[in-house]
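First subunit A sits with subunit B, and in the next complex the same chain sits with subunit C.
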Partner chain A sequence: MKKKSALAVTAVGAALALGLSACGGGGASQSQGGGESAAAKHTMNAALENVFNPSDKKGGTLKMAISEDWDSIDPGDTYYALSWNLIRIYGRPLVTYNPAPGAKGRELVPDLAESLGTPSDDGKTWTYKLREGVKFEDGTPITSKDVKYAVLRSLDKKTFPNGPTYFNDWLDLPKDFKSVYETPDVNTDQAIETPDDRTIVFHLKKPFGGFDNFAALPSTIPVPKDKDTGTKYREHPIASGPYMFETVQTGKQYTLVRNPHWDPATDPIRKALPDRYEIYLGVNADDLDNRVISGDLHVDLAGTGVQPAALGRVLSDPQLKERVDNPTGARTWYIPIVPDVKPLDNVECRKAIIYAADRVSLQQAYGGEFAGGEIATGLMPPSIDGWKRIDLYPTGTGDLEKAKEALAKCGQPNGFETTMAYRSDRPKEKATAESLQQSLARVGIKLNLKGYPTSDYFTLYFGKPSFVKENGIGLGTHGWGADWNDGFGFMSQITDSRTIRESGNYNISIKSPEIDKLIDQANEETDKAKRDELWAQVDYKVMEEAFVLPIVWSKSVLVRPTGATNVFVTGAFDMYDYLNMGVA
Partner chain B sequence: MSAPLDVPGSTAEAPPEAVLEGASGKAIQGRSLGQIAWNRLKRDKVAMSGAFVVIFLILVAIFAPVVVRLFGHPPLEYHQEMIDPVTQIPKGGSGISTEFLFGVEPQTGRDLFSRVVYGSRISLLIAFCATLLSVLIGTIMGIVAGYFGGWVDYIISRLMDVFLAFPLLVFALALVGVLAQFEQQLGVKGDSLRIALLIFVIGFFNWPYIGRIIRGQTLSLREREFVDAARSLGARGPYILFREILPNLIAPILVYATLLIPQNVLFEAALSFLGVGVQAPTPTWGGLLSEAVKYYTVPHFMFFPGMAIFITVLAFNLFGDGLRDALDPKSSR
Partner chain C sequence: MGTYIIRRLIGAVFMLIVVSMVTFSIFFVVPRLAGATPMDMANRYVGRAATAEIVADQAERLGFNDPLVVQYGRWIAGVFFGAEYDTGAGVEQCPAPCFGYSFITRQPVWPDLMDRLPVTVSLAVGAAVLWLIGGIATGVVSALKRGSLFDRAAMGVALAGVSLPIFFTGIASLVVFSYGLGITAPGGSYTPFTENPVEWAYNMILPWTTLAFLYAASYARLTRAGMLETMSEDYIRTARAKGLPESKVIVKHGLRGALTPIVTIFGLDFGLLLGGAVLTESTFSLNGVGKYAVNAIMKNDLPQIMGVTMLTAFFVVIANLIVDLLYAVVDPRVRLS
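Moving on to the complex of A and B:
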């Protein structure tokens, strides 16, 4: 009954619905009586390995909110995990991650394509066949040309600076092709072929066994060429999935309604349960937490966990603690130790920093065991295939004896002075810098802390090798998350010294010909187990050379919504799956 | 018979010499304006308590290391044993005990008492120096504009209008943010650079307020007889300015300075709160407050720095008000 009335009101006016959803929240769990009563109960981590509150009930408005905004809703211009998760409600990539809890969520399943890719030519050519009867929101059929156009347009990094560059780096593009806007007439068939309306063939420069991960990128979501408005396309991306945009108010609100031309018969993975999505942007972060806890909102879209204030509340109140899910993400927070800056060019001085660091205090800086994560012993997080534990350094409050020994070997027995960069508007990174400053002072290493704004941290400051060298910045701090959960998806962008550019680098410290050689071997290796083993070796080498001081393998404290169905944490993004969540 | 003097211990029939010598038998001395004002101020209990608090705060700031050694822990020292590792909140809610008088910070367990005490150094240093800068520039500009008049006055007055129209907070945010990047060119770095910048920004942009008051006072003073007298005796501009007019401006300058200090304390706190103040881990009141916002569930973290700002501002304001009343009894309240 409650839900029915709530529904009627949403139809009348969106504004009124806000107040009412709280009523719907309370009665959610018991109203799920019939049928699947074997559903998991509210206990901590109930939605990690199981679907919480499974249901096929359609209807209702799913309310999501985020404290900031994300890069873009344009499928060719987005690099946020939350966006890759959410985008699938309005767009269908060729393949996607299985909407299932835990590790099963990392498996790839065909989406717009009938099956996973078929490799030929030793993995240099990949062929996909589109499903029959797929349509855009305006009713025009989706063809392989729309997919090809979508991939090609996303290559234009001037128009779409945010997305990943995998297709740019691997597709066998003709030399005279610049972008779909500048050189629309260049024949690109040598990179992507569309022999008929349902077949699409990708040609790569060199063999790559994991191409299905590329095909799962949002940039394979079809874009109709005649509707593409370049940077303005984000004002209304054309839907191929079950929902389409009703309103787009940049920085404020998105609403999505059902796409009448989406046919469930063409889509075995989506349940498409809610009638409507309301997504609020720029909501105060603390307010957002409180509204999720009270049931006024279903999900914090960011999926990175609650703020410090709510953290104390949910972890100390036994009733709220039952609603906590605490997934480990494929993300490592770490401190690069830059070998370009003296005396850190000496490996012993780098080791001294790792030995002297109080690892427990660093973990606290990131929020402790639950909100921060497990103390990391290596760069690669455990959820990456092939991960091996590395035990080169102690993980306690610091081994000052060993640190002093290392300092002596380095020729700096009394310690030295260096600068540490951090993003001044990120409290956790500021706390990290302060903590390290304290613990290194115990062995005479003096840190000068320098805060830089997040927006320019990589482009002008710590991601710019010339700036780092000139200013003698020996340490910094940031994190890295996997684009997908294998060695390539996590490590390739941050360990290969040959990817270091003039500015905008995430990797500033890992520079070793030996590591580069291992990476080459891994990329050429077609056997997955051997490939994983090689990436694990890269990880070991990074730690042996003390190029980074890892802090934590990130965990997040998510608050499970009360008024939603099919709630589970997907292993693909380590946040709640947004594809099949429904309203109770 | 009427009794015009009804002073205790004196009688109406007192001989004339007794009146001359005063009731206690001492000769009455002429009292200077300063003494009169001091007597008035002494009688103003509110102002005097403000003054005592101000002096106390200044002493605490100066002797912060001693105070902290006696009652606290070093302000940067971590005490993670005081923190619940799961929720990051101090064990027992705030951690207030005889050892940690104001409790500890969440997450790090640093002694909040020590941080508030050390924060007073930055706040007061910046507020005092910035006020000094404002008063210096404001007085010079005001006195010059008021005394010379004409086009000099016109230019300085328009300049004041321009400064007054500045969106100061926004401008200060931008300026501190930008200038702080030029460590090498400026030749100072770290906290001293930040402190110097804050003093400059806060002080430099606040001078027109005092400048206007001084200009107005000078305008009326320069027409007075004693200035005419000095001029007729051959005194020149600078002499008249600094010997005849300036001493008469001491009262408004003093009053205005004591009222400007609390404003500057607040302004520094605002800038630190917004993240352009003195950088971590050096504690400042505004910085502590902005940290505390994240942990609004542990109110002690916000309470103590907030109270420190509140008490400082209140004390300075009460003292400043009392000082004004004492120096200028004609002013209406």
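Moving on to the complex of A and C:
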């Protein structure tokens, strides 16, 4: 029987390998057979800094898929990077990210607006002028009032809980305004004015130099008031971009077709190449990888890289490896060190943890160099504007002498005991906790590991200060991605101690009046270079105070599609740019 | 017979009420006992940058501040009389049977379930036909040719079928047959039977076969064991002594006697599958009830989890009732009373 079982497994394995080699072969021959231009030769990272297979050829169906679903296709109710990337094919925000590879993709360019915002009143007022001739999918002209209405409706977090709250926090809204649905008659001109059909003026409570990043949020995509159906708007958002929804099957599939009222003359950044988009939801993640590899699908919409099952194959097969792009994302995996829990209230004890950590082992826990990321020396990732390398701590297997010195200064020469939380349903985080447990034991720091479910991790456990204190949780696993790639977009939610609430916190360890003060200074600064410098100082201060043990700046293994044109990784989202991709 | 069915139906309703209470307790009472506040519960339904004010507002709107009895009463009343939900921009009607409203997908649960049910039914029915035919036939032949090469090979394959998880056989078969040889549909393919029966069957053949392979293995072993036992009974010898043809002895007397435990297991298996073939649907990217359940669990969408649980419980209870009724047909010794 043993022999038979072994035989069966071997047979299936052989069949699997046969199938896979067929898939790989298919992809290669397709690339040689005219699916891609002669100049488009697959090499690893070919689409990081250059456009792979550039083309203006129109037509075809671009097929995308995702293993889950994202929050919403309603521009006022979405907070996923993939969604902010994709939404631009059917919606036009005032400003957007330059469709270009690498760091150039992080530059802001005007979209629905003619130019970037004009600040006045020391950065408290921002004015935009809309382009002429822009229309919704039904042919109705788009006016500044549609943009104002879109922003105001997105403020209603009862109806649209998913989107960011930047406009809620910064607009100078009248006190009696609740929402466009509850208080439709309240005059909101003190927050947003529309002096004519093409001009929109935003008034803030306090100066904010980086407002163009707010103007790039999907919530500035115009929404016609008479077509707004509240929570049902997600069943058919009205298009202002080159494509409009043909079908919306929630949780299953979206299809988009050309918007006949989109005028390329009003839109200098979009190529609008495919005739149609088909987006499949809830596709098995491993199956999805196989389909992208075989060319049956163009893009894994999530843009976070292949699954572990495909990773080894992709990196070990020379043909497939040539199709890999391996960008470093604006995401850091890290371990907050909670100063509320003794003896971690002493900075030297916190430093001892960082010194003793085996950073190489932690990198391995996250998947190694390609799939895990680069060993992080600070909280802020290198793709954030203004990033500076911080070399306060070793990045090798740990400096035990320095760790012991720090422990002595902390008054705990023999080490101490604390608890570390991790998300029990995430194998990488479990491996991280176990790795740290082993490396800290070398200096007498005993870690008790406790796993909690992801679904309630921040709401009930590691994001709830009272729970953290009561249970003596000194460390935990954590990760954070940028809303956009500048200091504010990455750091504001996780370093400002004033954002900490009863539960559901993403900042549990960084509590410093000095850092809060630097954040205020950065927010008010209208000079971008100076603002970036202030955020770099925040990063330095976080590390100096040893509030976090950074693990890796995340990298992902993306498989470049065959049969697609204009393929490149945008620095805005660190995934393939979906704005101008076409079908070969 | 009529009285029996009515009594069982009343019992089924009570069973479903108990299931609803247990499910509600697991998702709503246990977290509260573990220290979760209404604000903590509401945190699941707000965005990642929600302020304390937004969370408090959600807690009030979703009724998490009400006593648990009131919350349960509201849910059960919705099932019978429908409910209304404040969605912020207006009030959403959820007509009876209202099994809750998802504040994540912004959809009532029941229509979502009914939308996905045809996929699950297609999968379950097709696979069941295959595994019953394949499993029982293999089991019967194996039992009749006990110790033969066929018997050994069939039981070996059956062991492999039971041992190999569907997320392996499913992915492997997709890679080989769909993406390698191109003879079956890729994952995620589904056409409603009413639209195109041929395409429906073509799209479903691989999920059916893979799922049936798993179940057929168990049924083959079960049938074989049952047949071996039945065929050694005295009444089989009597039947043969009476001069009945061997085919009649096997089918009418042998198989019929061996079927009772198979029908019992089939009732449970089929009922559970109708409530969602979680692994198969996930592996083949089929948007059925099982995939819906997985998404609900991943997103901690309590109303959806409650809805799926109730639907599964309903199918299991009904399938068992049908099985009990079938006993009388399969086995003449059984009388319903």
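Assume the second predicted complex is superposed on the first by the 544 of 584 C-alpha atoms of A that agree within 3 Å, B and C clash if a C-alpha of one lies under 4 Å from a C-alpha of the other, contacts with A are read in each partner's own complex, and residues count from 1 in each chain.
Assume a contact is a pair of C-beta atoms (placed from the backbone, for glycine too) under 8 Å apart; a residue touches a chain by one contact, two chains touch by 3 or more.
Quantities reported herein were computed from a predicted structural model and do not represent experimental measurements.
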item	value
Fit-or-clash call for subunit B and subunit C when the two complexes are aligned on subunit A	fit
Partner chain(s) touched by A:Asp286 [first = subunit B, second = subunit C, both, neither]	both
Most subunit A residues touched (candidates subunit B, subunit C)	C
Which superposed partner A:Gln307 touches (first subunit B, second subunit C, both, neither)	first
Touching partner for A:Val559 - first (subunit B), second (subunit C), both, neither	neither
First, second, both or neither for A:Ala81, with subunit B first and subunit C second	neither
Subunit B versus subunit C as contact partner of A:Ile515, first or second or both or neither	neither
Distance of closest approach, subunit C and subunit B, by C-alpha atoms in Å	5
Overlapping contact positions on subunit A, where the subunit C interface meets the subunit B interface	286, 309
Subunit C contact footprint on subunit A (complex, rising order)	1, 4-5, 8, 12, 15-16, 18-20, 22-23, 65, 68-69, 71-72, 79, 156-166, 168, 179, 181, 228-232, 234, 250-252, 280-284, 286-288, 290-291, 294, 296, 309, 455-456, 458-460, 464, 467, 493, 501-504, 506
Partner subunit A, residues of subunit B touching it in the complex	76-78, 80, 83, 85-89, 106-108, 177, 189-190, 275, 279-281, 291, 294-298
Residues on subunit A engaged by subunit B in the complex (per definition of touch)	286, 307-309, 311-313, 315-316, 358, 360-361, 364-365, 367-371, 424-425, 427, 430-431, 433-435, 437-438, 448-451, 453
Complex contact set, residues of subunit C against subunit A	31, 34-37, 39-40, 43-52, 54-55, 57-58, 61, 86-90, 92, 103, 105-107, 112, 156-157, 159-160, 163-164, 168-169, 171-172, 174-176, 179-181, 186-188, 282-285, 287, 291-292, 295, 298-300
